[in-house]
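Structures for review follow.
Both of the next two complexes hold chain A, though its partner changes from chain B to chain C.
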Partner chain A sequence: MRRSVSIAVLTVALATGVGTITVDQKNILASAQQKPETTEVKIDNFSFGPATLTAPVGTTITWSNRDDIPHTVVSTDGVFKSKVLDTDEKFSFTFSKSGTYPYFCSIHPKMTGKIIVQ
Partner chain B sequence: MAGKLKDEILYDHNHDGIDRRGFLKCMAWAGTGALCVMSGGVLKSYSLSRLPELSSKNAMGELNFVQISDSHMGFNKPANPDVAGTLKAAVDKINALSVAPEFMLHTGDISHLSKPEEFDTVDQILKSARPKDVFYVPGEHDVLNDDGKQFLERYGKGSKGAGWYSFDKKGAHFIGLVNVMNLKAGGLGTLGHEQLEWLEDDVKHLKHSTPIVVFAHIPLWSVYPEWGWGTEDSAQALSYLKKFGSVTVLNGHIHQTLQKIEGNVTFHTAASTAFPQPEPGKAASPGPMKVPAEQLKSVLGITDVNYVQGQHALAVVDSTLA
Partner chain C sequence: MHPFDLKAALLAKHAQHVVLIHFPIALFIAGVAFDFLAQWTKQRVLAAAAYCNLLAAAVATVPVVITGILAWQWQLEGQRLKGVLLMHLVLGCASSLLIWIVAVVHLRALRKLGGVLPGFRLPIEALGVALVTLTGHLGGFLSGVNLSN
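The block that comes next holds the complex of A and B.
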């Protein structure tokens, strides 16, 4: 009898513990869905990294130029357009509508990237 | 005299010299430089180190001009924190030439960020050069943020469209083209329909024997499209020049000297006066190539061009700033 009570207590404790962990996991998942893994696109060696970035509606993406050469971030469809970014300068844009947004560097048009907003 | 030189390279184009099988390529990477003379379908190429032996005969022409390129005023990163100093060194070199050049061509990227003070500094430095006339075409760094408005106000007097124009000097026809505007995602340099139409019309009335010199910022041939080193519609532009016996194309943009001779057309890129860039595909990107300070001037340079009337050939000579 004593033994079975202990087991019951242990079971409750375990169940509670498991429950807590599950809630934490849900929170982590929820926050992962709200925020993409990265909101920064790095410009390095004449390329955008990551070249394709998927993010939820409302995300603000920041591009930072880490090259010794100036670059721009220009939407192919005219949705956004940065000024010329010299070394270490940044440009941000908030995506309020879902869709696919291809962009390029208007100075070095071989540099292309894409933001997918879901 | 020239024929007795060792290391002279002779290529016989035979036939009409336009046959693609006669395609020739002679490369002179950063810091070396070469003189190429094509006459009657025969190419002679001399390394820069041999120029003293040639100077007495070949450095004299009826027309002598200099090409400078990519001064990138305002650039101050490693590789070259003093681009004003190296531009001054280029001017000193030009002023020391045995025959004073009649004028200069600047094939773009005058400034690094299109700032007024950057253009002002270049203008000030070039004032001390012996040749007083400078003919410009814009590089992509000269038309940032304002679609080239400032460039046109400063350098585009009398030009058409985004700044293209032509002029004649001692029987040779010079054409300045603009291929850095309205660049499309994933694409190369672009001349555009309006400019191509103008070019076709511009050369229509010229005799086939007229030597043609075309200058533009981005190479008008595919140097390395992966890095954007080429011009989308250059083939159409060159098709208008097929009828001419001698066509020389001078470009900048890639910060190293490179030459190619194809039929009647000699392509040539000039070194930068500011900083070198890597050979095509030899680095992760075409960013500035960092070299030890003592080597910097050996990879920067100027281009001296002689035109001898009646020979239908231009001699292009690269000099480093060292």
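The block that comes next holds the complex of A and C.
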């Protein structure tokens, strides 16, 4: 009888422990997924670096002008558009939908880049 | 694309301002050089060459100023300019004004003063060349032509 009770108690304790661990793992995963990531694209020497960037949905991309002259960040599809960025100025945009977002500098249209949101 | 395809050249997607700007710069500098040479050598043919170049330079500033302002309004949506862009705009306007002043001085001398040019035009022309050079340098910097590497 004692043995049966002990086994029952152990089983309940194990089940509770596993359940708690599973719930904790789910919470950690969920919080990791919900937390928005921030990624930087550097503008330097008349180019965007990296030129193509892949990021998950919800990521905030920050473009930072490290060049000596002004640049802009303009989405080809009109999704986002920065003001003229002087040296060390930044522009951020949060991508809430998946897709491919090509962009360019409107002062120097040969400067192009692409954000792939998955 | 064929290099001599007129339609492709006229309808090119790049900004026309950076193409047209070379005409007034070259004409004005050549005009001033002819005028200084004419002053030095006293040759009328050089003075005539200076007159033609300076007049053509003044006319050529019109499409340049228009395309520059359009580029500002369309590509940058008329944003408030600062830094190098603002300096380029201000110096560009000042250069155009000086080119026109020099051209008008020459035009007026030919029509009303019997071709006798006033001496004060020479420092104005020299200042004009300095301003045009500075504006062009900033323009080259903005367009990426003056890249260091």
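Here is the rule we use: the second predicted complex is superposed on the first by the 80 of 118 C-alpha atoms of A that agree within 3 Å, B and C clash if a C-alpha of one lies under 4 Å from a C-alpha of the other, contacts with A are read in each partner's own complex, and residues count from 1 in each chain.
The rule is short, and it goes like this: a contact is a pair of C-beta atoms (placed from the backbone, for glycine too) under 8 Å apart; a residue touches a chain by one contact, two chains touch by 3 or more.
Worth saying up front: this structure is predicted, and the values here are computed from it rather than measured.
When the two complexes are overlaid on chain A, chain B and chain C occupy overlapping space and clash.
After overlaying the two complexes on the shared chain, residue contacts for A:F46 are found with chain B and with chain C alike. In the superposed model, A:I69 lies in contact with both chain B and chain C.
By the touch criterion defined above, A:T112 lies against chain B but remains apart from chain C after alignment on the C-alpha atoms of chain A.
Once the two complexes are overlaid on the shared chain, A:K83 sits against chain B and chain C alike.
Within the superposed three-chain model, A:F104 lies in touch with chain B and out of touch with chain C [touch as defined at top]. Considering which of chain B and chain C touches more of chain A, the answer is B.
Once both structures are laid onto chain A, the chain B stretch out of 110-118, 200-208 or 290-298 that overlaps chain C is 110-118. Taken together, the two structures place residues 45-46, 68-70, 72, 83-84, 86-87, 106-109 of chain A in contact with chain B in one case and with chain C in the other. For chain A in complex with chain C, the residues that touch the partner chain are 45-46, 68-70, 72, 83-84, 86-87, 106-109.
Chain A meets chain B in the complex at residues 45-47, 67-70, 72, 76, 83-84, 86-87, 102-104, 106-110, 112. Partner chain A is touched in their complex by these residues of chain B: 77-79, 112-114, 140-141, 144-145, 183-188, 226-228, 284-288.
For chain C in complex with chain A, the touching residues are 13-14, 75-76, 79, 81-85, 141-144, 147, 149.
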